[in-house]
Amino acid sequence: MKKLFSKFDFPKLPKNDKLKIVFLILALTFLIALPFFGFSNYWMNNLVKVGVYIVLALALNILVGYTGLVSLGQAGFVAIGAYTMTVLVKDYQVNFFVSVLIGGLIAAIFGVLLGLPSLRVRGTYLTLITLGFGEIIRTIIIVWEPVTSGPMGIRNIPTPSLFGLELSLSNGGLYYLVLALLILVVLFSHFLFRSKTGRAFRAIKVDEPASIMMGINTTYYKTLAFVLAAVISGLAGSIYAIQLGYIDQNTFTFDMSTLILSIVILGGMGTIRGMFIGAIILVLLPEVSRALMAYRFVLYGVILVIMMRFRPQGILGWKPKKPYHVTKNARMLFEQGHGELVKLNISNQE
Amino acid sequence: MIVQQIFNGLTLGMSYALIAVGYSMVFGILRLVNFSHGAIYAFGANIVLLLVSLELGILPAILLGILFTGILGIVIDKLALEPLRKQNAASITSLITTIGISNIITNLLIAFLGSQKKSFPTLFPDGSITILNFQITYTQLGMFVVSLLLLVALMLIVNKTTLGLAMRASETNIKAAKLMGVNVNFVISFTFFLGGVSAAIAGALISSYYSMAYPNMGYMSGLKAFSAAVLGGIGSLPGAIIGGLTVGISESLAATFFGSEFRDSVAFVILIIVLLIRPRGFFGKKEIKKL
Amino acid sequence: MKKYQKFALSLIAILLVIAMAGCQAKTTENESDSAPSNEEETTQETFRIAVAAPITGDNSEYGIGFNNAVKQMADEWNANGGINGMMIEVVTYDDKNSPEEAVAVANKIVNDGITAVIGHFSSGVSMAAAPIYVENQVVEISPSASHPDYSSIGEYIFRNNTVISHEAKAALDIAVNDLGKKNIGIVSIKTDWGVSTAEIVTGLIEDMADQGVVLTAHEEVIEGSDDYRPAITKLDEAGTEVVISVGMYNLLAPLAIQYKEINPDIELVGFSNSYSQELLSLGGEAVEGVAFPVIFFSESDQENIKTFVDSYNELYGSKPSALTAQAYDSAGIIFTAVEQVGADDPAALRDAVAELTYAGVTGTTKFDENRDVQKDFTKVIVKDGEFVLMNEN
């Protein structure tokens, strides 16, 4: 009986926990000390960009990696967060951090709106709705001029300050802001994964009809996934807006949504570390190798296709832990993430 | 003015219908929404343009372009989608793959041909005929006629030929079809070939209607055509036509009453409403999900 | 491989990449994608000017045009011994027409120690990058930014492009006085430039109400659309005689084609950004009779313009457009300023740019107190498939 239920528990933390924690502490120290290494503004800007995209990837990861819902409209949530924060801070002099939270709240509302169709709609249809959502948000930005200034965009987005200290790029303040958000989101994702909600998400991804039969309220969880992804994207959007200093309808395009999806797929959907490696590669590589300039977007597409074909779990994706010896057939099915749920062959022979 | 606007919408809708037919056909056989269909449509138009610039003459260029695009469809299937089918991959995998393919095709076109709009030759003579106070240009007439011919041809193939029978068998139950000796892989490749062909025809016609073609032309039109296909009932060819016309007219009326800046959203709003209220659209089959 | 090993490796990989990036940060990179005007020493003996524009992706045709123009100007100066003996090197940065990329590019330019930039192309992108140039005392001249607030971002930001209000007046002048029409319709793209310009045109039309000039209809369209028929029907029903097309050639051409299908007598007036060979190739017969104001006319008989156009055509295989010509002059302005005050003091460079008067292919350029330019307009009309000067009747 215990063995049956243990299938729902993804790989337990290995014995080498201590090693893992040491590495984490090292990495954290390194990241916190980073601004003191004397990097130029150019590289600090790149790091902030990577940080923002890791957060965005973690948000999409909840949808794609955990719950199996492909969303191509994340740029819409980023826009909502960015515009809300900007308008509140610039026009109504609301405190920055409060504005960011309100931005997240409004993004959440739209997350609910986007999650509702999931009641009736699955798979590709849902994805295309998310795409449409992204485009509708863009149209709203263009036409709702009293609030968003439409095509004129909003400029002079002020840098926030904490206890009187301005958080700009040059003094490393913006970097720490991103880092703080990143750490929060990483922790959140980590605990979400292991929680009951996380298990519900994963069950839905692996086999939705079975989850329904097991009594999981899939509509609720799918909507929840959208809301979580929306809020996190909205929070990241605020930082993104500060980094750019100017936003208009062309800042939040379908290309951004595709990039985030590519990061999730490349790095390894469903894992947290995958988001790091994916973002670092896809955001920093063009900076390091400008030779690929013209073919950059082609590369994103190629990555998607090749990853899906040869390594759907991404670069750092997890391989499910096999508590028993499994047949070759079952192993093959494992590799595609169908997991331990239904396909295990308990025989001990090859 | 309203009637003229409806008429504008009809022609606009015809262009969506042409693209939607390809979506419906592939979905009908494979239960796969080919996200890259818009990019294939753009490829078709741009290939024809390229061939024309090589001084091949307009008709040979179109025929050759249609052939190449059909082959592109087959290549996509063989290289990217068939291996996934063999692996029994989850549908999320195929979806992401088609997204990637769409990206690749569009951006390769941009990289090689440049992103700006280029002039596309006209296929029909200038001038118009007047019916009941309305001017219909020969181009618009041509579009209607060719679309109907395409629809009829596709329906004939699917319903009256042996190959079409094989296609319908695969659609109903792929395993059973295999057991009955149907070469399913060939059928699927042929379906993609037809999808590519219809996309190229759409590309040539629509580009000549607007007198221009460019690599990114598939994005918006592809999405709107998808809405049209869903509205009409994805999997149903006549539905694609009706859906396309409806989306076109709605777009035109929205422009009339709200302003042209709202045009693009109309298709998405329609999509969302349809999927929420009646997912199978006008003529789609009611899908019973076996739980 | 055991799980923790994989994990450790991934962490090390991440740290390595960051460390590598850091090392690259210390050494100033010199990435010239263009063949530099002079390959030898990248020491103090060269003056480096940056071109920041879309070289790939959307609008790359304009970015490539800018790059070509600046290189051409640089080569011409270098052939004459450079700036006081200093050779010029053009460093190209691709901003991919994205604001996010532009911010990265701006930071890189600052990092690379360059003090003058020609760029960016579109307004939104320029707006995002400009604050960084201002903060770091880099002179930026944009040949194409059209956002009204652009040049007021800071003292180092200059705009070598027409001022909307003047151009709008010139366009309306063509419609009313040269073409003699009173029922005016506007089709405008929904961008910052489109919205601002349309607003100004509308205001000007209202001012002319006593002359019987009337705004029949105003339709706003999304940039990049293909189909304008519903908008055209609206304008036509309202009795429009002349359409002012507030958009680039990719609006004007299809608009002309589609409008003339239902009303062959309609007149169309555009703006200087319609002025390019693409208008003719895209529009074909339909753009016959289309007119617009320009500050640069490639068929001009003027000596310097002829030389510029011919060399550009020889080097790059096409005739330069107005925006390209503006980039060309912008480069000339920078080089002239450096010749005056040298390249060592950014503030002095900025002052020199702000104060000099430059005679170029787009007329005489002098930046006003807002760092915008006032130019005289010439009227151009399409006749027999060619651009010709409009004759005042």
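Just so it is clear, A, B and C label the chains in written order, and each chain counts residues from 1 on its own.
Operating definition for what follows: a residue touches a chain if its C-beta (ideal position, glycine included) is under 8 Å from a C-beta of that chain, and two chains touch if they have at least 3 such contacts.
Quick caveat, the model's predicted, so the values are computed rather than measured.
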Original post:
Farthest chain from chain B, comparing Cα centres?
Top reply: C
Subject >> More contacts between chains, B-C or A-B >> reply: A-B
**OP:** Would you mind pulling out the distance in Å between where the CA atoms of chain B average out and where those of chain C do?
**Re:** 36
**OP:** Can you check how far apart chain A and chain B are, centre to centre, with Cα atoms defining each centre and the answer in Å?
**Re:** 32
Subject >> Junction residues of chain A - those touching two or more other chains >> reply: 142-143, 294, 297
**OP:** Could you list which residues of chain C touch at least two other chains?
**Re:** 56-57, 190, 222
Subject >> Per-residue multi-chain contacts in chain B, two or more chains >> reply: 110-111, 261, 264
Subject >> chain C-touching residues of chain B, taken from the complex the two chains share >> reply: 1, 4-5, 8-9, 11-12, 110-111, 114-119, 128, 135, 137, 210-212, 217, 251-252, 255-256, 259-261, 263-264
Original post:
Touching chain B in the complex: which residues of chain A?
Top reply: 64, 68, 70, 72, 116-117, 120-121, 123-125, 127-129, 131-133, 135-136, 139, 142-143, 209, 212-213, 254, 258, 261, 265, 294-295, 297-298, 300-305, 308-309, 312, 332-333, 336-338
**OP:** Provide the residue numbers of chain C that touch chain B in the complex, in ascending order.
**Re:** 56-61, 190, 219-222, 225-231, 233-234, 237, 250, 253-254, 257-258, 261-262, 278, 281-284
Original post:
For chain A, which residues count as touching chain C in their complex?
Top reply: 11, 14, 16, 19-20, 23, 26-27, 30, 34, 37, 39-43, 45-47, 49, 142-143, 150-153, 155-156, 243-248, 250-251, 255, 273, 276-277, 280, 284, 287-288, 290, 293-294, 296-297, 316
**OP:** Could you please specify the touching residues of chain C with respect to chain A in the complex?
**Re:** 2-4, 6-8, 10-11, 13-15, 17-18, 21-22, 24-25, 31, 33, 55-57, 94, 96, 98-100, 103-104, 107-108, 110-111, 122-124, 127-128, 131-132, 147, 149, 153, 190-192, 194-196, 222
